[in-house]
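Okay, so subunit A shows up in both of these, paired with subunit B first and subunit C after.
Up next is the complex of A and B:
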């Protein structure tokens, strides 16, 4: 990659992180959280936002010590070439698995809600082709695209707010009736939907701002996402009766919107889904980008674009494996610990190592 | 396989030859001593072409030959500007006699080149130089309003085929010494004159350097028109979107020059190319600035909305009929159903047939004389449209959709952009007929991603929307009042972004003087 060509501004970083974080989870998040934490689900979501902020601080602390190294370059730097390469490969694989799970859930929802008779692999190929095209243009164009589609988030917010007119705010009472551990368990569910900020580990060298500015951007993004998610959870909690209905609706937001029709538009959920498709495609594009970048770093190739079709092929194969709801569960259970390892533990260990060994990138301060 | 290699062959190991044109301009041939030598040189150069006239001139002490191209020179001018002064004056010093502009050169190759521009050459006996006098015949079109870009209010001047007239129009409109012209030449075998016009104090030097680099890198036998040049220098030719704006309107070019952009003229073409340009410039019209700003904003946003209709409406209709009939409200279901019930074709075929018919009517109408064109319009539009519904081949609603789409597509003020839009909707129609709303969402995403990666001479094509520039939105979707335009737009990369500080200073006069 040419350094001067792939620059991202501070504001673009905010939107990139937002688009990376908000993904397929948005539809099922209220259901998942409410299953565990019941009417206190919204508190769980807020806590999840706080937890991800802590992780963001760790990640930022690591990146601050290596202002021009992406994680793929930090790994061999701190662990030596062999372990570094191995970890790079595992990161790449981890992103592939996570991404293909997102892809599988994505096409599952398309299958359920929009195109019941189209084979899943066809929609997946369509998604992957679009994502390859978005990603292949380089970081600057990716950032531009993410900013361009961000207003859609406000449209989604607007649609959900409209359904608030039939909400019953008594449903969230009593607040805090569950004990702390239940609420924290709910946060665990919510935290998986917050993932995506790890993108920062890989693109921070290309952001044109001081490291404080970067922290500000990424925190802004995280706060926005937390508020956005909390609002979504809150909206579905006050709309559905928590104990009975929400457990039955795997995609509560869609059921909420489905009930409304306008003068020119019945089935508002289809409209909502069409917009949602774009938001999720950006997060799949992210995983694709990260895994291709990892492979490119492994092979010491400068161009990651050459790996995109290969990676997309992996995605397709992996995404076709899980077949039913049950498989998603087991897939998720397998992924649970790996999330911790790759997003929290490894960056934390790296940070500790770099402090202990007092290894740091030499920065020429002007 | 061969075809793909033909298309994708990269000019990696192409040996860069010294172009013959460069050699020509450097070639030198002294003026011969004898008349015969000079005569035979020109006869040989033009292979004895019948329009090459070589007359001998014998007036008192002066004797020599007069050479001109019958087809390029104006005989009356020769009579008036050369022969008459020479005959009447008794001065033997020719420089004083010839009042009109002339050049002196000792190089016969240069003289030969100038001959093609309508110059008359005078070579005197025993002199080692030749006089070149411009007597070119000009049969130019009058300056008039361009037919394809008309406005309701504002200037009605348009460019013509003569380069000098075009440059004159620009100079006349921008009276500042900062306006700089540069003449370049392109073409290996036949050279075309290209003129670069920009404001020295505004235009980005990097941009001009890049443009010259690209012009220098062109190796082609001949550049007949702006379409060739555009395709030779634009960033990505694999795109339906034009990345260079061409216009025949003087006021449009003047406006862009004042924002720091660069205009390019080609000899013999009434169109001017403007770089760098953004997607949204194609939706601007001088009318926006000459009407009230509220009206201008309304019309402009209508135009931008029309692109959404033109690209998406047929696709949405196909998706609704084919996949998501439940989207329609109850009251709408009956009329639509009754209209499509007996149609034998799927909506995609219906839409394709009608869209292609409209394109055909347009294509047939464009090149016909206006009277026959009208007939085609009536036959095509009314007869086919009406008959096709009565025959039960196409549904009524489809005719409505296609008609709205056509009107929307033609409301885009630039024909190149209108073409791009009309082309894109076929792709979306295909996607919609296979995937419904999902197809439309992904098709739109692909188009947007494509717009995000396009660049026009280093300027992001989709700015000020991507990358986002809040300040430049003042003149994009809407047009704010003129006194709000305090800075020049970011996309032209102007070196001096300040345009004005207090355009309506009189409002603050009282306060200021205190």
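Up next is the complex of A and C:
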């Protein structure tokens, strides 16, 4: 690959991982977690962050042994061409399915909250076109764009903090009243929203720093995301009554700010959503990038941009399938185990294999 | 250049959301909704919509209001029935106030609010109020100095808020308290005075989701202070003398400037007791007898006693009506979850022992002695 063109700095890596992790899940995360762990949901979120950190260490351990191979190159290297190609295709498909679920949930929320009468495919096509445009510009541009839009996260934080003036902090008490298994079950819900750091498996060869520096960046990103999520969950837990009220509101964060109007701004939730849209677009762009990259690695053709329209079309078709809430649930149920397989188990097996076979990339000093 | 133009053209086509436009010219904005039960137990919805008249001579357009009402099975159905009567789309997204008639409020206020939470276009910034008698009658008043009824009622409520007679709450901030088994809400209580005016008559107290009773204005101010929710002003008038013949001389009026509240929930042998301490720093606003500095100790003492008595009375009323306005149940859940488990979730508040103590400290007395 043309490495010189696709350089990413250490700091850009932080933002890329952050943008990859924070996505469509943020709106419903407090609801999902609170359904299981009630007022201890914020502890679950913290634990989920810790779990992601462990997975990040595994992923980093694997990447350290192959400093210039992305996962798509490591797979055939360790498993041989046939199985490697098969797994590459599986990864590509996995990213497509995950990405289209994100796309479907995005358009579902837009449909419910802002544009009830606009056909869903329009909103999907619009965001896909934007994403194709971002992704086709190459890794450096993607990274720069992600850095550029990151201040939005602070705006979201600000809006949520404002609604804290009507919070009742008694709702969070008593702390730790649920047993550890309940809290861990809550973490499982939260962990899905933390996904996205697997991006590192694919972009680490382009990051211009030592492997320790990479670990530092990716850890910083994960800590930021964990704190960000925990704050969001905490904020909704003290705002809503944790047994009945939060169970009634699938998107607590939107509800929180919907009630406030400022001098020139009413329906603050619309403002929040239009900012959130960009955050979602970055994660959709990520999945798009990863699945197109996978397809490109299957054949001889190394240019992934050619696959973008194809992949985007696939996204659109898949995302149009789920129609009701229960479709999303079955979609999620199907994806649950696959997340474990592709994000945890395969990288872990690869790491073990590479240690056992003592296979490592021959370091040719550049 | 050609490419740019094509892009521009495409953007123009694709970025216009023609499906979801809401044109202001077709919208009839609702400013107040009223919920009632009619005599035959049907739901009765009333809406107040503003009518803007062309300015005649003056620079300012005159805003009047018009009232529509219709029966139906639910709020949505009644709204559909009203919509048949008027030209344009009824739009509740800028609604500022929802009034409940007594009849419907004694049953349950929650079910009628569901539509407000469910439809994303509805405004969650609206306030709630309970009206003595029928709410729709309150909308039908013709105030002389203000041609728009909804403006009039809202102004009345805002000034009551500033004077700590009613709390500053919206439908969204009330939602959690309404659903919380350990806390009950209080709402503004309004009454139609005569043909021309409405009056805020204090607070309506709710037991869970049902209207249970009310508090008169001065007691409602005290209750809000006890809840630690002070508005801009909190004024009281209390009798401090007996001997004067001309009764005006027996009274003192003061404004509370600063409050400090301590609420302690204690549990002993499974019995819940609450200690509520309220310290008020007040400014004397009216005392025709005069010479405050000399009597300051006596006045402090008398006022403290009087207000403590009043506070006891307020608590007694709350307990009679089973309205846990202080959220004691929530505190029990938070700090004594084991005790809460054992308590009767419906009637726990009646059996709580309250010790209230109000301490008044006169800190200023205007610009005369």
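We take it that the second predicted complex is superposed on the first by the 363 of 366 C-alpha atoms of A that agree within 3 Å, B and C clash if a C-alpha of one lies under 4 Å from a C-alpha of the other, contacts with A are read in each partner's own complex, and residues count from 1 in each chain.
Assume a residue touches a chain if its C-beta (ideal position, glycine included) is under 8 Å from a C-beta of that chain, and two chains touch if they have at least 3 such contacts.
This structure is a prediction, so every number in the text was calculated from the model and none was measured.
Asker: For A:328, decide between first (touching subunit B), second (touching subunit C), both and neither.
Answerer: Touch partners of A:328: none, neither subunit B nor subunit C.
Asker: Looking at the overlay, does A:348 come into contact with subunit B only (first), subunit C only (second), both, or neither?
Answerer: Neither: A:348 stays clear of subunit B and subunit C.
Asker: Does subunit B (first) or subunit C (second) touch A:110, or do both, or does neither?
Answerer: first
Asker: Where does A:240 make contact in the superposed view: on subunit B (first), on subunit C (second), on both, or on neither?
Answerer: Touch partner of A:240: subunit C, not subunit B.
Asker: Answer with first, second, both or neither: which of subunit B and subunit C does A:259 touch in the superposed model?
Answerer: So A:259 only meets subunit C here.
Asker: Would you check which partner chain A:12 touches, where first means subunit B only, second means subunit C only, and both and neither mean what they say?
Answerer: A:12 contacts subunit B only, not subunit C.
Asker: Output check: A:141 vs subunit B and subunit C. Expected answer is one of first, second, both, neither. What do you get?
Answerer: Touch status of A:141: first partner only.
Asker: Quick one: is A:118 in contact with subunit B, with subunit C, with both, or with neither? Answer first, second, both or neither.
Answerer: Both: A:118 reaches subunit B and subunit C.
Asker: Taking the superposition on A as described, I'd like to know which of subunit B and subunit C A:126 touches: first, second, both or neither.
Answerer: The answer is both, since A:126 touches subunit B and subunit C.
Asker: Residue by residue on subunit A, keep only those touching subunit B in one complex and subunit C in the other, then list them.
Answerer: Subunit A residues touching both partners: 114-115, 118, 126, 261, 266-267.
Asker: Could you pull out which subunit B residues touch subunit A in their complex?
Answerer: 323-324, 326-330, 332, 435-442, 444-446, 448-450, 452-453, 460, 462, 465-468
Asker: Which part of subunit C faces subunit A closely enough to touch in the complex?
Answerer: The contact residues of subunit C facing subunit A are 14-15, 17, 19-20, 93-94, 117, 120, 123-125, 170-173, 175-177, 179-180, 327, 330-331, 333-335, 337.
Asker: Touching residues of subunit A toward subunit C in the complex: what are they?
Answerer: Result: residues 112-119, 122, 126, 166, 168, 170-171, 173-174, 177, 239-241, 243-245, 248, 255, 258-261, 266-267, 269 of subunit A touch subunit C.
Asker: Which part of subunit A faces subunit B closely enough to touch in the complex?
Answerer: For subunit A paired with subunit B, touching residues are 9, 11-12, 110, 114-115, 118, 123, 126-127, 130, 133-134, 137-138, 141, 143-145, 147-149, 261-267, 270-271, 273-275, 277-278, 281.
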